[in-house]
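Below are two complexes that have chain A in common, paired first with chain B and then with chain C.
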Partner chain A sequence: MLMHLFRLIWNRKLSNLLIILELTLAFVVLYFVSATALHLWSMYNRPLGFEWQSHYSMTINQGAEASESDMERLNGMIDRLEQRSDIDWVHIVKQALFQNWHWSTSINHEGDYIQTYMNTLSDGAAEDLGVTLLSGRFFNEGDAGQAWLPVLINRAVSERLFGEGVDPLGQNINPPSEDQPDQEQTEYRVIGVIEDFRQSGEFWGDEYYVLARFDTSRNDTFANSLVIRPQDGLSATFEASLLQEMTQMAPSWNITVRPLADYRQDRIRSVMTPIILSGIVAGFLLLMVAFGLFGVLWQNVTRRTHELGLRRALGASAADIFKQITIEMMLVASFAIVLGTLITIQFTLLGTFSSLNWMTTIKGSVLAAVVLLMLVAICTLYPGWIASRKQPADALRYE
Partner chain B sequence: MSAPAISLQQVSKVYQTDRVETTALDQINLTIPQGEFVSIMGPSGCGKSTLLNLMGLLDAPSDGDIQILGQQVAHLKEKQLATIRNLKIGFVFQSFHLVPDLSVLDNVEIPLLYRSVSSSARRQAARDALERVGLKARMSHYPTQLSGGQQQRVAIARAIVGQPAILFADEPTGNLDSQMGKEILSILNDLNQQSGTTIVMVTHDQHQAEQTGRIIRIHDGQMIH
Partner chain C sequence: MSLHTVKTTLRVLMRRKFFTAISLFCIATTLMVLIVVAAIVDNMLHPIGAERNFDTVLIVERVRMANKEETSVWSSPLGYKFIEEFILTLKTPERVGYYTDNSRQSLIDGLIQRFQVKYTDDQYAKIVELDFIDGRYFTLDELNSGQRVAIINEPTQIRFFGDQSAIGKTIEFSEQRYTVIGVVRAEAEFNKAAFSDIWAPITTFPSGNYRDEMMGSFRALIKAASRSDIPAIKAEFEQGLKSFDYRSVSDEYATATSFANTKLERMAREFMGTEDELGSGLATFLMLALLGVVLFMLLPAINLFNLSISRIMERASEIGVRKAFGAPRRALVNQFLLENIILTLIGGLMGLLLSLLALNLIESSGLIAYANFNISWRLVVWTLMITLLFALISGSYPAWRMARMHPVRALKGY
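On to the complex of A and B.
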């Protein structure tokens, strides 16, 4: 039966062409929606690499280029915060979490360069933020005064720069160049490997991340962002009292105190809003396709009333007719899916979108195919039912 | 003694619309023994095709009983009726009703698609049926590439491919010239005599009707004796 229907569809390829094109377009749209949704879902489910749930972010805009006195003042503020009875700990996290603060730099090991994101954390920050240490240790005061800056690299950097056979601990990154010994470049030494540190939240897609130590004893560098962990049983006036106290210490600075949860929510919203809007547009497009498909199928069934009546006369039951209409449309949709896959696979082959790796492509294609086949099945239900209900004699008489 | 091929008792068919009630057939009693070649004659609109549709289980009577090869069909479900049509009955229509997008061979195999028959057996049976009507050389052609007579021969091959006990032919020569008509009638006669197939043929042609075993005349939905 399947071969018979396949021959029938093939022989009607010209009249099926438009519907195949429509379904192919729908498949491509569905593929992008599915692949994007799967990519976002996979990113959302990856561990962030740090805890944020009950933490606060304090961001500081001191208004001008930071001076040594600014750092002294900041250290004074940190001391004051640590003395407060309603605060567990305070740490510098220079690139603020869940915000658009990023530091990207190129690092190399034995001439192998990668572009990575970095952050600097004060001693104790990584431990208190619950960063997962895979090997080595976190920063401590003993790291001060070295010729190199101690760093924690994430698993992706470790695998990329050192591979599986080499222990990254104790390895130096960015060694002084023999060709250009005068070139100013910070040398790092790997003191630990962490699972990850997805600074900007769940939808942070970049792989490589390096945490460096922030030396609070040095006055030549400033940090605009602190993470504060309040005591449990936080009072409603915590934010206000904190802000008031800090503003009194630095009246000219613009200080903001907000829960990290709020920043995270803003971040998710900023990513999800255009995605949801695109999803709604794609949904309407699919609805249009569904209406078009429904109309075409209805017209197709009406046009074939004689043929379907004839099949009934020759022994097909109503269920056989319904099955035939459904299988035919599934075959047409499958043809469109194959065509659509040939198109969408090009984006992966050409690397057009960084988010489209092979796994996402396969999963996205399968999901798009399932949704499209379901859509076609739903659109086939009524015209198929109408076709199967007609008495053979009426169908054969139909003009 | 074997059951009659077709038995109709007090069969009526009434078409009802909102305003009009039309009696197409009125209390028809008819028995056709197995192996008989019967022709049905009558003026246009007298109910010949309606009678054929009822006997062929393409339509349901408003009243009365129909038996096909001894089996009462009144209370059979739609799927059971389809099975009887598929296994016991063949149809030849005036306008051939071939599927234009399928080759001659694909058209002929259609009835076997609804049986548990392997693809190779189905194709072989279709080729054999086409050979019987002298069209084996045309099996990869499409209906539009054939003459009217050839198309009707394809329709006959399709009707006999499943070796039905009964063949209904609704004006099979109505769209053909007299020479083609003779050829088709000759094929039907051969089928009746060689295979013992019961044939019921609706025709307007008195000459053709006289070549069959019995003529049933219908007028205004009633049988004339």
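On to the complex of A and C.
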């Protein structure tokens, strides 16, 4: 039966070749849509590692290189904020959350180098942000004045540098030394392992992350970003009164106060807008393919009246004819899927897109294949039904 | 092409409503997507508003500074000192101006409202031709004396004052009060040099620190007297960067790289990520864009090709009759091609209308702030040409194949 169907397909090779070509391209489009969707979905579902829901971000642009007096002024501002009755806590998170501020550096453990993102948090920030601690402890005042700097590493860094199941507590990791050979080398000591800290939000892909301690007692560093947790049920003018108070303390600084939820929304929108737009275009393309396929199949069936009528005359049932048309189309679609997979797999083999790992590739291919087969099946339903209604008499009368 | 042929074609198309509808849908949606993308790009490169004369304007946005060993590299928008040193001293341009974008907050009725503020010099308004509804831009005197005057756009006037005129009233941001002296029409967000909510003299910037920075948040605009002056301006700018002794500014810097770009070059640099590289990658960018269009058109073209074949095969018996009565092959090919062209043109027209609708939708969605798309004649002509190309590609092979068919086979209908 299958061999016979192959022969039927071969007999109409030109028109089938064109359909295969069209379906192959449709498969490639579907594959990229589904692989992107699956990739984003899995990113979205990974835990963020911190809470943001009712927090505010305050960012400062002081215009020039920060001086010691700037840090004193900032400490004064933090004190003032902590005194306010409508604020629970204020912490420094130096690389602002959900924004495009990043600090990337290379660290090594016994000569094994990795490139990682880092952040500096003041004491208490990690606890209050709800960071999940897997082992060890968070920062505290006792960490000041040591020969080493305390850091928290995320699970990915721990597994990469120290191996799975190995406890990295108390181990040292070295910041890069070749940049500043004359500077005194301070080592990072791991005091805890956290689940994750995905600084720039759900769609931020980087795995490695290290948190260092921000020492508010030292005046030689400055922080441009604070996280503020107001009390529940705050008034609508909270933002405004906060801004006014802070601007009065530092009129020349450009201070911004906004809910973290807004920044998160901005990040999500900036990722989703192009995806949704290309999704709409892909949807149009597939709709076009579906309509086109429907038209071509209908026409094919009409032109095969002789053949189908003859089969009916020789005793094939209407269901047989329907099955024949459907399976024929499914075979053609399968060719297209095989061909399409040969194309799409190249992108993974060449590593063109860093987000395309083998898991996403396989899941994306399967999803694309299922959708394409369903699309073809729907387009075959009506032409197949018409074919099954062909009577032997039609074949004889046809002209 | 006689009226009779057109009439016949339309009748043939009407007879097979379903096929015609599918074909038209394919053509119209494909062209709609192309026209929408092309219109957005066209409006970015050839805006109709305040940046309408930017074909003779060069934009300097970034500077890359490095130490001698290239171990420390900084890359950022321009600092004021850089502009003073390298842009304001240029002799070949007609005029030069600069601006810096800042986000500012203002309290209106106790709530925070955010605005984009451009601090500029007075020459800026002679390069960016803002469309004044009321009032004027600030003068050189007002700039030099640091007068707190502001120009705002129409939506900002509404946010501050409702439907009242803002001229002569004061607005407050950065703890400073500004008197409004002009109201302009809003500019689309992607016209980066012209887009802003508020404009103010650079001399009223909250702190004076910016004056000593090589790297900062400034952008410079260089206006050439004519297009032919552009290479000379680029050469002069490059020469200035080369012959400067950076040690006089800071020990850290040994070299500076910066480019004066046209709008197209800037788009290419942004897309290719070559902001700080010598070549703009313009040729590669154009090739990629073309490849993208071809890839996008491939699927609809094959689809239309399939549909054309089906449409023509269906009329096999008609062709058989015509052939039997002695119609030459060329007449048949012409007839089918013409049919295809008419069909595609109708589809193209529908695509144009649909794209107008889609562009309106994008404008009203607020996806791009203050966007106001204009479909230029250049775009319409291009669309027409692409539509015809589409028709010829998808129609020629099926027409040729049908015309070649043996009359007996054609009459039998398979």
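In the analysis below, the second predicted complex is superposed on the first by the 373 of 399 C-alpha atoms of A that agree within 3 Å, B and C clash if a C-alpha of one lies under 4 Å from a C-alpha of the other, contacts with A are read in each partner's own complex, and residues count from 1 in each chain.
The definition used in the following text is that a residue touches a chain if its C-beta (ideal position, glycine included) is under 8 Å from a C-beta of that chain, and two chains touch if they have at least 3 such contacts.
This one's a predicted model, so the numbers in the text were calculated from it and none came from an experiment.
Look at A:N11: by the touch rule set out above, it reaches chain B but stays clear of chain C. When the two structures are aligned on the shared chain, A:S252 is found in touch with chain C, with no touch to chain B. In the superposed model, A:H306 lies in contact with both chain B and chain C. Applying the stated contact rule after C-alpha superposition, one finds that A:G315 touches chain B and leaves chain C untouched.
Legend: residue contacts after superposition of the two complexes on their common chain; A:R80 is shown touching neither chain B nor chain C. In the superposed model, A:E239 lies in contact with chain C only, and not with chain B.
In the superposed three-chain model, the partner touching more residues of chain A is C, compared with the other of chain B and chain C. Contacts of A:M3 after superposition: chain B is touched, whereas chain C is not reached. Of the two partner chains placed by superposition, A:K323 touches none, neither chain B nor chain C.
Look at A:V296: by the touch rule set out above, it reaches chain C but stays clear of chain B. Residues 306 of chain A lie in contact with chain B in one complex and with chain C in the other.
Remark: chain A residues 1, 3-4, 7-8, 11-12, 306-307, 310-320, 391-394, 396 touch chain B in the complex.
Touching chain C in their complex are the following residues of chain A: 15, 18-19, 21-22, 25-26, 29, 63-64, 179, 236-237, 239-240, 243-244, 247-248, 251-254, 256-257, 273, 281, 284-285, 287-289, 291-292, 294-296, 298-300, 302-303, 306, 398-399. Chain B makes touch with chain A in their complex at residues 53, 56, 58-60, 78-79, 82-83, 85-87, 91, 93, 97, 99, 101-103, 106, 109-111, 113-115, 119, 158, 162.
Residue ranges of chain C in contact with chain A, taken from their complex: 18-19, 22, 25-26, 29-30, 33, 71, 102-105, 107, 110-112, 174-175, 206-207, 209-210, 212-213, 296, 298-300, 302-307, 309-311, 313-314, 317, 367, 413-414.
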